[in-house]
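The chains carry the letters A, B, C and D, assigned in the order they are written, with residues numbered from 1 in each.
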Amino acid sequence: MSLFTKAISLAAAATMAATLMSSASFAEDGTGQQLYPLFTYRTGPYAPSFIPFGAGNIDYLRYINEVEGGVDGVKILVQECETAYTIERGIECYERYKNGYNGALTAAIYPHSSGLDVALTDKARIDKIPIVSPGGGQNIATDGRVFPYQYPLVFDYWSEAQIIVDYIAQQAGGYDKLKGLKIATLYHDSGYGRDTIEPLGILSKKYGFEDIQIPVPHPGEQQQTQWQQIRRAGADWVFLRGWGVMTPVAIKTAARVGFPADRIIGDIWSGSEDDARPAGAAAKGYLAVSVFPPGTDYGILKTLKKDILDKGESDLKDNSKFGTVYYNYGVIEAITFVEALRTGHKKFGNRPLTAAEGQWALENLDIDQKRIAELGAEGLISPLKTSIDNHKGETIAAKIIQWNGQSWDTRTDWIKADASLFADVIKAKAAAYAKEKGIEPRVATN
Amino acid sequence: MSYFLETLVSGLFAGVMYSLVAIGFVLIYKASGVFNFAQGAMLLFSALTVVTLTEKGMPFALAFIVTSFVMVVMAILIEWLVLRPLRNRDPLTLFMATLGLSYVIEGFAQLLMGMDVHMLDLGIPDVAVQVGGIYVSQFDIIASLIALTLVATLAIAFNKTRMGISLRAVAADTLAAQSIGIRLPVIWRIVWSVAGIVALVAGLVWGSRQGVQYSLSLVTLKALPVLIIGGFSSIPGAIAGGLLVGATEALADIYIGPLVNGSVSTWFAYILAVGFLLARPAGLFGDREIERV
Amino acid sequence: MTTLQESALSKPLRQPAFGVGILAVGAGLIAAFAVPVLADDYWLSSIIIPTVIMGLAGIGLNLLMGYTGLVSIGSAAFMSIGAFSTYNLLLRAPFLPLPIVLILAGLIAAIAGVIFGLPSLRIKGFYLGASTLGAQFFFEWLFTNFSWFSNDSQSLTISAPRLQILDYDLQSATGRYYLVIATTALLIALAFAIVKSRVGREWMAIRDMDVAASVIGIRVARRKLLSFGISSFFLGIAGALWAFGYLGTSDAHAFNLDKSFQILFIVIIGGVATIFGNFLGAAFIVLTPILLDRLSLIIDLSFLGDQGALANLQHIIFGTIIIVLLIKEPDGLSSLIKRGVEALRPRARSSG
Amino acid sequence: MTGLLELHDVSLSFKGVRALNALSFSVAKGEICALIGPNGAGKSSLLNVINGVYRADAGDIVFDGLRFEAIHAQKAAHLGIGRTFQHNALFRRLTVRENVLAGLSRHGTASFFENIFRLGRDGAERRGFLARAEQTISFLGLPRHTERVVSTLPYGLQKRVDLARALVSGPKLLLLDEPMAGMNQEEKEEMSRVIREANRVFGSTVVLIEHDVGIVLNLASHVVVLDYGRKLADGTPDEVRKNPDVIAAYLGTVH
């Protein structure tokens, strides 16, 4: 290529780039619509979980737009932005959509990554944009007085630890039977994985079981030594706090050291079909905590099947993913968004909400049993009520599911965590954070 | 003591798995002086191809052969589109090119075959058997046999066939080899093909343990310290390095890990490797170059 | 005085070039400070700031790799040291002003760089590169395993307690931009000063022929370690800026192997042994994925398949561009521009 | 006459092959000493041992009154041993001036901070270096090429730059490894003149390797003949010319 053609092509590329970067004019007008920036990660190691998850989101919102005519008449504009599960691309997506898009307003942003959730904390505080992370937010952000813009809805790992211990107690025949039991936690060696060390320490003191903590380095493709440690320690139960490829390898390795699968309880991120299936026969009987119960037998899923899937309008390429853990997670997440909008509409009127209004709505969510029934989501979600004091939801609950070799069976009803047990510790951590950052906590008025 | 032994043995078996990946690197480094970061992507691509074909109903043996063929085609394309235009460039540029190549291969793998996590069952039972008071996995034993067979085959191919001798000539002295009429592009195509098939074998063994999915491409990182210790250009080195890394890593995790509150195996192998380099700058079996001025 | 002496001795052609250089620097500075007026938050926060910081990191690696000829694949580790040092200094020594903290953080990274540079005295080339991966994994592990470094925060993340100079708050996008651009401008000047000094000359001598360098009396070991130190100093400050001037909060994984690879790409694509070339490389690395993402939103590519297919296609295109650039532009983007300017020059002269 | 350089029973081998075998000789201050011998006689290895690129297996060396068994290349340079190379070992991406300036590194006195911030001793160092570099460049007839990047220069000029780089620091002992290789007769004559000049003007004692015996016998005042790592003859050109061993083994076959 001659220098001249190179210069020409370089100039052309630069022009194209400039046009692209200021490309809002190409897109349809979004005025009067509510923006839902969909942060995607369709490539990279976590893409398999995103695909059904994204589809659950999109399908539900499509149903709302096309069948219900929008949320109280307000259409939702879904705009995708690929983060590749990296923080920096996530920040670009946040900056791209924080002020809306072509007239469509942004009420809240779902970053779809715990790391990004943390990274956006300061920015969101300055920009006053609510950041919502159902199931994957920061536990200290439960304290909405210190974190006005963070919403770690639905679940946290401390509650998960409680639920696990509760389930084990049920199996053992009561909390008093926990004394002397050995519960090993095999955790992904990261901030996420270590998060349960502290609550399990507290619980072990309280109930007298022996708490064994064993780390697995990322990505966790070799766990022979860890499982030998577990077997040597004589663990009765294993709490598997895995991530990605670590889970199937753990299940397989457990089988080869002879540890029974039905004594392993996976974390919510170790409890999808893609976590159990690759382990093959070894996974039969494997248990997992589920906040996003799989299955197609819920009212709303039947509706989605009829109105979206069967009409060929689903975002799923592979319909067998319908009703999987991650698909249902997507649906549940979309429900939290739509319900927040409804809450806001009641106060501000049926129009697209601003971020400030979105923040109020998310803080005043109340999806009670009655509303859950109306949504056709009985068994799919547990009641969710937020306040300034509690950005997570007042009651945290999960089910235990079991892999039958092909799919998940639900083993228990909702097991509720005792929120009072750790509330003070979390509050104290939030207060320490506020002090470090020089934040004046808001006063709870409601 | 038996616990120590058991840890050691399982570490050694893990080491065999690392070696299996490392061999592919060594082949390519030997013949073309390229540190091929795309080896991981090739692993993913080949395993994904086999799984996709078998899931479509093709018998495993046929799928294996078809995939081998695909890997040969890939090798020819890589030689033609990437290596040839970059001939005589410095090793770092070639390394960067293979990084770019890994994006391309991963992209194609997932574009063509989707991003699902697949189960791969090779029909090898993965249960523990007791050997001399130690639990050993049957799968590990068979995986080691596969690795052994692979190494033996490669050794025979290198030492007995004409092609193998040409390859060794190229590795020893590229210019001299060219001057006696060995055609480099041909050698490259062959070596990349063989490396592709090695990747296929490694991909299947690894894939059957952790499922065939994107993370397969990350096993590269485990092979790196193995290569540093063994030397980039020595197959026996790759085996010895693998065993050493596997064993010390497992022992370090058990005996050092608790002291420093966490597992150490992400970096331990690298620090070990650096220590080795300081003592033997060209690895266990690598050739030391004498600087001429 | 000394500058006069030098330019008098050099070829007369250089003098106007030198004047043009000063003009360019002046214009650049004015432009740099005018940017926030023209660019909105989006451009500042998600394009310009990361490009400038990654360019700075590229300079750090280029000093080591391009000028001294030592390969490192662990650059991100030294960025993380800078970031974590800055955080802990701000937290535990609140009386220190931000500029001092940044310099100290750079120095801490420099010390680590010297220690991890020790193998370079015995190992060369790619073996050295692979061994720098030790630093990469060690520090990622260190900062995740010892929560002291992140002040026992639950998610092991660090976020700057305060970002201010003389009571001027730098939290806003504009404030962060000024912090980044001022730091970078100073470090660019420093980089030029080093490269043009005896130290830079001796580095390049070592790069081109280390045995000869040793034979003519250059203290090769000392210079190599110095190069590791200075490179890490730049990287450390770039890391601090990345964590607090760009991301806001960060953890050890923000400085993973991918980041190290990105910095390598920046150096190779921008141009080895250049200073400004790094910013071209950084712009490429930061902008290309965003452009491809935007492209797929605007042009209707649905005939190619679903969104997932498109995302993978972006992956393929990105990889292809890298390979093509390596093939077609062996000396990096900066040489393309340099040749372009030179091609225009005679024409300008004949017409004028 | 005291020897500036004395070798006592120096031996060196590579992977079992003897490159130098208990070699002893002495080079007087101010002389031009030529090492001759067939390929593989160990001439380059000998230079490499003297200035510390290789480490001798046995024997010791006395340079300027300092006795050592092995020396680091850098230390050798700082003692005043300069060196050119058989194969091109220039800093190929640097200009002629930068190459020559690099040759002055051992005289650097300014600290790193003074150098980069142009403080204190840096100014004097910079001026002094430039002046010396320009002087050496003129001496070798290279002023027209000062700004050229050395890899773009023709081979003969590169050889001169190599010599300039070694000469600029004013070495007490200058080791030249085949400075005239690949040159035509005219260029060789010119190079001989330059070496003689350097010996006279800079006062450097010269030890050089050269294959062209005719040139050598005219240029050198002292000739050492090597054969398979052994010393075959040692003396003035006339003595060497008459030595029957040399005639049999070497000179006879060439001439």
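Keep this in mind: a contact is a pair of C-beta atoms (placed from the backbone, for glycine too) under 8 Å apart; a residue touches a chain by one contact, two chains touch by 3 or more.
As the structure is a computational prediction, the values presented were derived from the model and not from experiment.
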Quick one: which chains contact chain A and chain B both?
C
Work out per-chain C-alpha centres and flag the one nearest the whole-protein C-alpha centre.
C
Please flag the chain sitting at the greatest distance from chain D, going by CA centroids.
A
Using the average of all C-alpha atoms in each chain as its centre, how far is it in Å between chain A and chain D?
72
Could you please state the distance in Å, as a whole number, between where the Cα atoms of chain A are centred and where those of chain C are centred?
35
I'd like the Å distance between the centres of chain B and chain C, where a centre is the mean of that chain's Cα atoms.
32
Approximately how many whole Å separate the CA-defined centres of chain B and chain D?
48
Quick one: which residues in chain A touch 2 or more of the other chains?
42-43, 47, 51, 189, 217, 317
Residues of chain B engaged with two or more neighbouring chains
107, 110, 114-115, 262, 264, 266, 291, 293
Of all residues in chain D, which are in touch with two or more distinct other chains?
53, 85, 89
Which of the residues in chain B end up touching chain A in this complex?
3, 6-7, 10-11, 13-14, 17, 107, 110, 114-121, 126-128, 135, 137, 139, 206, 209-215, 218-219, 222, 249-250, 253-254, 257, 262-266
Per the touch rule above, chain C residues touching chain A in the complex are 41-43, 45-47, 50, 91, 141, 144-145, 147, 151, 153-157, 159, 161-162, 171-172, 246-251, 253-254, 258, 286-287, 289-291, 293-295, 297-298, 306-308, 310-312, 314-315, 328, 336, 339-340, 343
Chain D contacts chain C in the complex at 51-53, 72-74, 76-78, 82-83, 85, 89-94, 98-99, 101-103, 105-106, 108, 110, 112, 115-118, 122-123, 125-127, 129-130, 134, 146-147, 165-166, 169
Provide the residue numbers of chain B that touch chain C in the complex, in ascending order.
35, 81-82, 85-86, 89, 91-93, 95-97, 99-104, 106-108, 110-111, 114-115, 221, 224-225, 227-228, 232, 260-262, 264, 266-267, 270-271, 273-274, 277-278, 281-283, 291, 293
Partner chain B, residues of chain A touching it in the complex
42-45, 47-48, 51, 189, 215-219, 221-222, 224-226, 228-229, 232, 244-245, 248-249, 252, 255-258, 274, 277-280, 282, 317-318
